[in-house]
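One structure coming up, written as structure tokens, with questions to follow.
For clarity, chains are labelled A, B, C, D and E in written order, and residue numbers in each chain start from 1.
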Amino acid sequence: MFEYALSVMIFLPILAGLALFLFPFSGGASRITGFIVSIVVLFLGIELFLGFSGTGAMEYVESRAWIESLGIRYSLGVDGISLLVLMAGSILFPMVFTVFTTRTKGYYANLLIIQGAMIGAICATDMVLFYIFWEIMLLPVFFMIGIYGGPNRLPATLKITLYTISGSLLMLAGIVYVAVSYHDQFGKWTFDIVELSNLQLGGGMAVLAFFMFMIAFAIKIPLFPFHTWLPDAYTEAPSSTTFVLSAIMAKIGVYGVIRFVVPVFEIELARFAILLSLAGVVGMMYCGLAAIAQKDMKRMLAFSSASHMGIIALGVFCMNVQALTGCLFQIAAHATSTGVLFLFIGLMEERMQTRNIADFGGIAYRAPIFATFFAIAMLASVGLPGTSGFIGEFLIILGAIKFSGFIGFLAGTSLIVGVCYMLWMFQRVFFEKPGEGTEKFKDLTIPEALTFLPVILLIIGMGIFPQPFLKKIEPTAQLHIAEVSVMTKTVLADNALPIALDTLQKN
Amino acid sequence: MEHTVSYLGFIPLLPLIGAVVIGLLHMFTCRKTPLPEIFYGVLACVGPVLSFLLALVVFFQLKGLPAEERFLTHNVFTWFAVGDLHVDMGFLADPLSSLMLLFVTFIGSLIHIYSVGYMAGDENFGKFFSYLNLFLGSMLILVLGSGPVVMFVGWEGVGLCSYLLISFYSKETDNVIAGNKAFIVNRIGDLGFVLGMAFLFWAIGDLGFDYLSLKANVASIPPGVGLAVCLLLFIGACGKSAQIPLYVWLPDAMAGPTPVSALIHAATMVTAGVYMVARFSFLYAHYPVAGSVVAWVGILTALLAAIFGMFQKDIKKILAYSTVSQLGYMFAGVGVAAYSAGIFHVFTHAFFKALLFLGAGSVIYALHHEQDIWKMGGLKDKLPKTYWTMIIGAFALSGCPPFSGFFSKDEILFSALASGHTGIWLIGVLVAGMTAYYTFRMIFLVFHGKPRVQESFDHAHEPPAVMTVPLIILAVGALFAGFLNLPGIFGGNLNVSHWLAPSLSELHPHVSFWVELLAITTSVVAFAIGITIAFKKFGQGATEPEFTGFAKFGYHKFYVDEIYNAVFVQPYKAFGSVISRFLEPNVTDSHVKLSVWLYQKAGAAFKVFQIGYVRVYAIYMVIGLSLMSLFLSQTIN
Amino acid sequence: MFAEALFFGFAVLSVLGAIGLVLFRHPMNGAMSLVVTMISLAGLYALLSAKLIFALQLIVYAGAIMSLVLFIIMFLNIQDSDLPTEKGRWLYQLGGIIVILPIASFLIKIVKSIPGSEATIVGSGFGGVKEVGLVLFQDWLLPFEIVSILLLVALVGAVVLAGKRRMGK
Amino acid sequence: MIQDYLILSIILFCLGILGVITRRNVFSVFMSIELMLNAANLAFIAFSRLHESMDGHVLAMMVMAVAAAEAALALAVVILLHKHKSKLDTNIFSLLKG
Amino acid sequence: MNDFLSLLPLLIISSGAIILMLLAAFEKSRLETASYLSMGFFAVAFFVQLLVGCGPTIVIFNNVFNGMLAASNFTQAASLIILACGFFTAMTTHSYFKVNHFSSLEFYAIMMFGACGMLLLTLSQELITSFIALEIMSLAIYVLVGYNRSNVKAAEAVLKYLMLGAFAGAFFTMGTALIYGGVKSTKFVEIGAFCAANSATAPLILGGTFFIFVALLFKAAAFPFHAWVVDVYDGASTPVTGFMATALKTAIFTVFANFLAQNSGLHGSWVTFLFYISVLTMFGGNLIAIGQSNLKRMLAASGIVHSGYLLIALVAISTEHFTGSVIAYYLAAYAAGTLGMFAALAYLGGEGEKRCTFDDFKGLAKVRPYSAAAITVFLLSMAGIPPTAGFMGKFYVITSAIAADHMALAILGIVSSILSMWYYLRLIINMYFHKTEDTFETKESVFATACTFILVFCVFAIGIYPIVI
């Protein structure tokens, strides 16, 4: 029955979205349609999660010949790497349709297409297929920001689009290079990632191709210093899109690194791991610092998101099981916390018609439920134990320490950096004396509260019972790391500080 | 060796359930019809009290076991397991944690009861108790956690609760800032904790990341890593237990309601650091260098806080600095490897500090939230119960024999001396004198002499029984707790030390009777000098002096807050501004802007070539041709 | 010897004609000098034993095409004021020569590299109408056929562009 | 010997190019192109003589035919232009640019 | 028989052209009838071509035509593209001429003659045949460009095109002469054989191929022979521009590839040359396009860029097993997008093409969402965004470049693709993100929209089911 679940999850939203475009639907009808479709996807996603056996191999595989002459196949599959990203993509989505209720059909149609394309990018195991979905998911974002965005939407949407497309086009060259090398070595064409991971690459070209991949993903993640599109885009985008961008799309960047770069370019990755992880932590600190100076709440959260993404990306570059698993877990955890925060800010903007931090104050007294939910999401985002945010961050820092003590230390400062701006913002917005506008701030309505409640529970649940999730992703992470050859490990060891080195030798 | 008991998890769980239930009730009802306070009050006290009873059960069960087998564990579920890392959500009750458990739940329960009276009439009554329960639950997780990661949950939990409670009166910006400060400073310490844990894990944690496994494998830790772990963990302890340089948050934490201060200072939170060092005694015992660092930091903190304490005028601030100072003692104790002495001081301190804070709370309550001691005076007759209980507390704090504080403090000083840390001992004695001075300065100013503000004096009255009864209970504890661990010189039983022995990796240096006597005598003398000076200056009533010179310097806490502000906070903010105003648009983004600019300019430049004259187009062609043929004619020989 | 003298004469004439085409301001003069070039070229073809082409050059090129050109020039009744002044012509021509020189040297280099350029004696049938006709209709039938389409297009096109037209509907 | 013909052809060809790029008069440009085609024809004939094959003659005929067709169209265009502006200056026709 | 079948589409088109020409002589014939007829001819020819199965390579009527024509899968694909372009252009003109009254029946005849020349060009295997076919095509296009006689811009366009085209044609003849001098033949096969036997860098061959390349590159609008293209596209009427941009380019690149592919020695020695030309073409085209405000000019400049990509494919063609699939696919993808774009512009432009700049299309999406969506699809296809045909085309080009060890070329191609995003997105932004200023009332027939949407379908269909030949 679930043989074609993945295809359905991909194409149901896309087709529904296209149908909304093509036929005259009213805004309300579009919303209902979108909601129903996303609920179907949600159920499929949950069913998929429950049925996932966690052996480390690909499950729910669908593979069909597509372009035979180049060995491009329509092949989908889920393993531990993609599972949680997929969950984030399928579970969080219905919220968008229940929170933002008064938009036009284009809005909902675009969202549906984004969802389908994102799920496609997550499930694709063929590089070309992945690339196609990867590009498709950007287009609706372009329109969402451009049509429904804030006052400075044009430069913002142009920037995100051009920036990301530049990166991904370079990746296209990288993809082709990999396949051509495979063809040279094995005499046949394929773009399947499982087969491509057998490839032995070396030389300057491999480094070049590696960087092409990395630039594409670094832009999407975004990794310092390729993050400059992010604040504008996140700020100007309508909240639903910011939610999608931060909660899922950015994660697909990290996912891409794990899925495509780690198996193929292991040696190059190991060689440049120290540089990349430095980019990760520097980005984390840089964006964290920038966040504190923001006056616009959404912009602050945008920087915060970029800051967190730095740490998540770091989890990949450390190349050990703990960091990788932490990274995968954190992908989902951060999706829940930051995504919800952006939705909350969207709500606040709808109620107050402003995002300026100075205009708020004392919301906690007017809207205790809202404040509590917000606080829980915020605490998860700063990585408080007991929330989903802690496990991943802890594992990543743990892995980073093994990788390099210095990087680990810098990564650890995320404990401090995040708290500073979050508390500062929380103080201004929720505490202090109520401002004029906040006097009449409405608490969450029951439908809204019911929308957010599952996610809030998920945040706490993932913090307290992470093992059911980890159990499913950890075998794949083990396998993934095991594939990293001995040579790579020695390259890695060159980077590690002595203190980490002797622990490394011991293991 | 280990015994699994399934009720262990309930000890922290009960207050946590209370917190959630109360929190939800409050959240959903506060906007419309708040529930009656008594409802919340009862609900809030049930959890801690039940926990206390369970703690007693644990204690007696442990007592029934042979000394080497005193370990009760309960692994509730696997929290997370990744690769070699395996972390159980598990609890461990051994003598050390059971002792902590006992007084934390006991004093915690008393504070809960007291708060029912103190907080009466507050609009956020329910919220307060929710936080309070959460606080206690977190502390119990911290104490009971079977490994460092579980401990870290409680560790961060109490940090969060301190934030919530300090900024409880959140309409005042200053309070929220104090809360932020507490959380952030704690987080700085947590960084050390996390890094320490990480190093510890990579060193020996793959064999099991709980205390018992770590203790079993401690021998195989590489020396460098071990030292690093000790120091990093101590940074964590500094943050939580308010040691130099991270002590700054604690005095500001007075912004919260007074019972919260009592809870933070006595039973929870600040003692966590000491507890943690004692917990890791198996590690610290291998690294005397790390121990010395701990001890010196501790004793210097004690000195510094005592100096600050001498010049404060806010009753809670005085008590706060006294806590910092006493914590310094405790660290000095655990630093010189006298872990049981340190823990014993934690134990006694819990009683008298809770007592003093709750007493101060009564005073403040009676005077309608007046905290300035220079506006009090002569309250002895108005508040007799408070007065007498506080006197007991003050004696205990100052280390007057035979009050509890005397024994525990003396044990620490004596251990310092015995282990050869003469400098620490000398400073310790000095601080003991200073402690007596500022404690009794406070007592004299508040209770003796003449009332300085007549109006508030007239309205003052003894608080209700729900507040005074806990005071009395605590006073009893403060009076007699010391006898649980009588030192050898008094034919002592050293009950607590023996009880703790299986948990701690303690060295017991053999010392002569004379050294012991010297230690006791000096500290008694120091106490006497301190109290005498205080009596001379303040016993008969005194007027508020104008602070000058060193006093002013001390009153302003050596301007440490200002220095931190100038050195860390402002540059941090400024750097943030620089990034967002300058770096981000002009530097980081420059590669994008530059390329866009270049592209557009090049496009504009290229337009010029499209001149529109057909002849010119032909000329382009010919020029291109000519260049190519120039190139091609090279290939013809 | 005689042939060489003839070649030299025709060559000089044709180059002079070409130079005249480039330099004369009025197109009429240019056309006349082009006719000179073409006639000289016809002579050269004759020297190269291309009898048919010699005839065609005279009839088609020098005759038909050039008279068409001249006819149009006169038809348009070009006044001196209609002509572009082309003031900086000399400068342009100097620059043009500099630009063209590499091309010329390239081409000359190519030609110099051809070995064995001495003309051999060819049979009397070479270049005759019959012989060329045989080649044309045997080997080059297709180009010959499609040239008809080309001419048709040119015809229709010229009518469309320059002729009268009933406007579409 | 044949080389001389070819060099003559090249000279004529380059003069043709020169005419195209230096003249603004439509007729001159057009006739310069005719000159270039003639130069190519000369080359055809010369090579034909060199190879002693008559293919070159046929090719030259084809080029003539093409030249004729082009001439017809070019003259039609000249008439068209003259109708618009009554000028033969190519520089006048520069509405399309930038 | 097979030979005849291969020629059948060509015969259909040429007889169709002649029929239409004759029809034009009758006073009563209506323009619409002509457009239907030409659509019909193109459609029939298209299906005939589709049905004619073709082996690897057939030399058509070897005895009669002396091996000057040859059909292969590649030429079949190319002629399919050309015929489809003709068909869609005929559809587009149908409504275009409803608001722009300058046409007559000969328009269709000449267009079909042009198509005839193109088909010949794809089949030709000999230089002078190619030249004549090229001239047939060019002359027809000159006439089409200048068809609107009352428009001085059209006249100017035809002047520029004709002058420069004839100039380039002269180079072609000179090149043919040199090759003839070197090889004693002008057939591709024999040139290849000569190069294989001797050196491909023999001076006469070198010079000859150089001049022939110049002429072909001129027609393909490669740098530095590109300058005319912007002005000519601008001056020509929109359907003609579309026809020119697609069919003509297809024919040129087909013959270019045929010429190169016959001849590994030749290809090898010109790779570096083509490399630089293609890079310069891509970047030059981008730089021109970025500064344009007129849509047709922008599309012309982007056409230059696409020529650059096709040149990449030319650089990368393998002479061993030449199938031309990459070039054919790219041409098909490009043709679908570009034709669609021009078709949409043709009916949205309104009378006298009054809407022609970026700014004129502000807010189109609000008024005519479907048209805006179609244009968006075409633009995205041209920009190479999946899942459109343009993406797959670009993907094949890059794959072939990297497979041929031209990593640098692939990367430069991608950089240029990034640069080209700029102006494609600009139009989308204008259509979607700006306020409406125009009512966009047009009087198009159903054919125009049908044509646009069939092409939208084509863009996706070619992209998702890439039938690689």
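Keep this in mind: contacts are C-beta pairs under 8 Å (C-beta built on N, C-alpha and C of every residue); 3 or more make two chains touch, one makes a residue touch a chain.
Computed from a prediction, not measured in an experiment: that's the story for all the values here.
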Practice task
Check every other chain and keep only those touching both chain B and chain C; list them.
Solution key: D, E
Exercise for the section: Touching both chain A and chain D: give me those chains, sorted by label. Expected result: B, E
Problem - Taking each chain's C-alpha mean as its centre, the one farthest from chain A - result: C
Fill in the blank from the handout: Between B-E and D-E, more C-beta pairs in contact link D-E
Completion exercise
centroid check, CA-based, most central chain -> A
Exercise for the section: Averaging each chain's C-alpha atoms to get its centre, pick out the one most distant from chain B. Expected result: C
Problem - Separation of chain A from chain C, taking each centre as the mean of its C-alpha atoms, in whole Å - result: 71
Exercise for the section: Calculate how many whole Å lie between the centre of chain A and the centre of chain B, each centre taken as the average of the chain's C-alpha atoms. Expected result: 36
Fill in the blank from the handout: Separation of the C-alpha centres, chain B versus chain D, in whole Å, is 96
Problem - chain A and chain E, separation of their C-alpha mean positions in angstrom - result: 43
Practice task
Pull out every residue in chain C that's touching 2 or more other chains.
Solution key: 96, 99-100, 103, 106-107, 109-110, 113-114, 139-140, 143, 147, 150, 153-154, 157, 159, 161
Handout entry: Shared-contact residues (touching 2 or more other chains) in chain D
Key = 6, 13, 16-17, 20-24, 29-30, 41, 46, 48, 50, 55, 62, 65-66, 69-70, 73, 77, 80, 90-91, 93-98
Practice task
Could you tell me which residues belong to chain B and also touch two or more other chains?
Solution key: 607, 610, 612, 614, 618-619, 622-623, 625, 629, 632, 636
Exercise for the section: Give every touching pair of chains, nothing left out. Expected result: A-B, A-E, B-C, B-D, B-E, C-D, C-E, D-E
Completion exercise
Listed in rising order, the residues of chain B that touch chain A in the complex are 23, 26-28, 30-31, 77-85, 89, 149, 152-153, 155-157, 160, 163, 167, 170-171, 173, 176-177, 179-180, 183-184, 187-188, 190-191, 194-195, 197-199, 201-203, 206, 222, 224-225, 228, 572-573, 575-577, 579-581, 583-584, 588-589, 591-592
Problem - Contact footprint of chain E on chain A as seen in their complex - result: 21, 67, 69-70, 128, 131-133, 135-136, 139, 142-143, 146-147, 153-154, 157-158, 161-162, 165-166, 169-170, 172-173, 176-177, 179-180, 183, 205, 208, 212
Exercise for the section: Spell out the residues on chain E that touch chain B in their complex, using ranges where they run on. Expected result: 159-160, 163-164, 167-168, 171, 201, 203, 206-207, 210, 214, 218, 223-225, 227-228, 230-231, 273, 284, 286-292, 419, 422
Fill in the blank from the handout: Listed in rising order, the residues of chain C that touch chain B in the complex are 96, 99-103, 105-107, 109-110, 113
Completion exercise
Listed in rising order, the residues of chain E that touch chain A in the complex are 325, 373, 380, 384-387, 391, 394-395, 398-399, 402-403, 407, 410-411, 414, 417-418, 421-422, 425, 428-429, 432-433, 466, 468
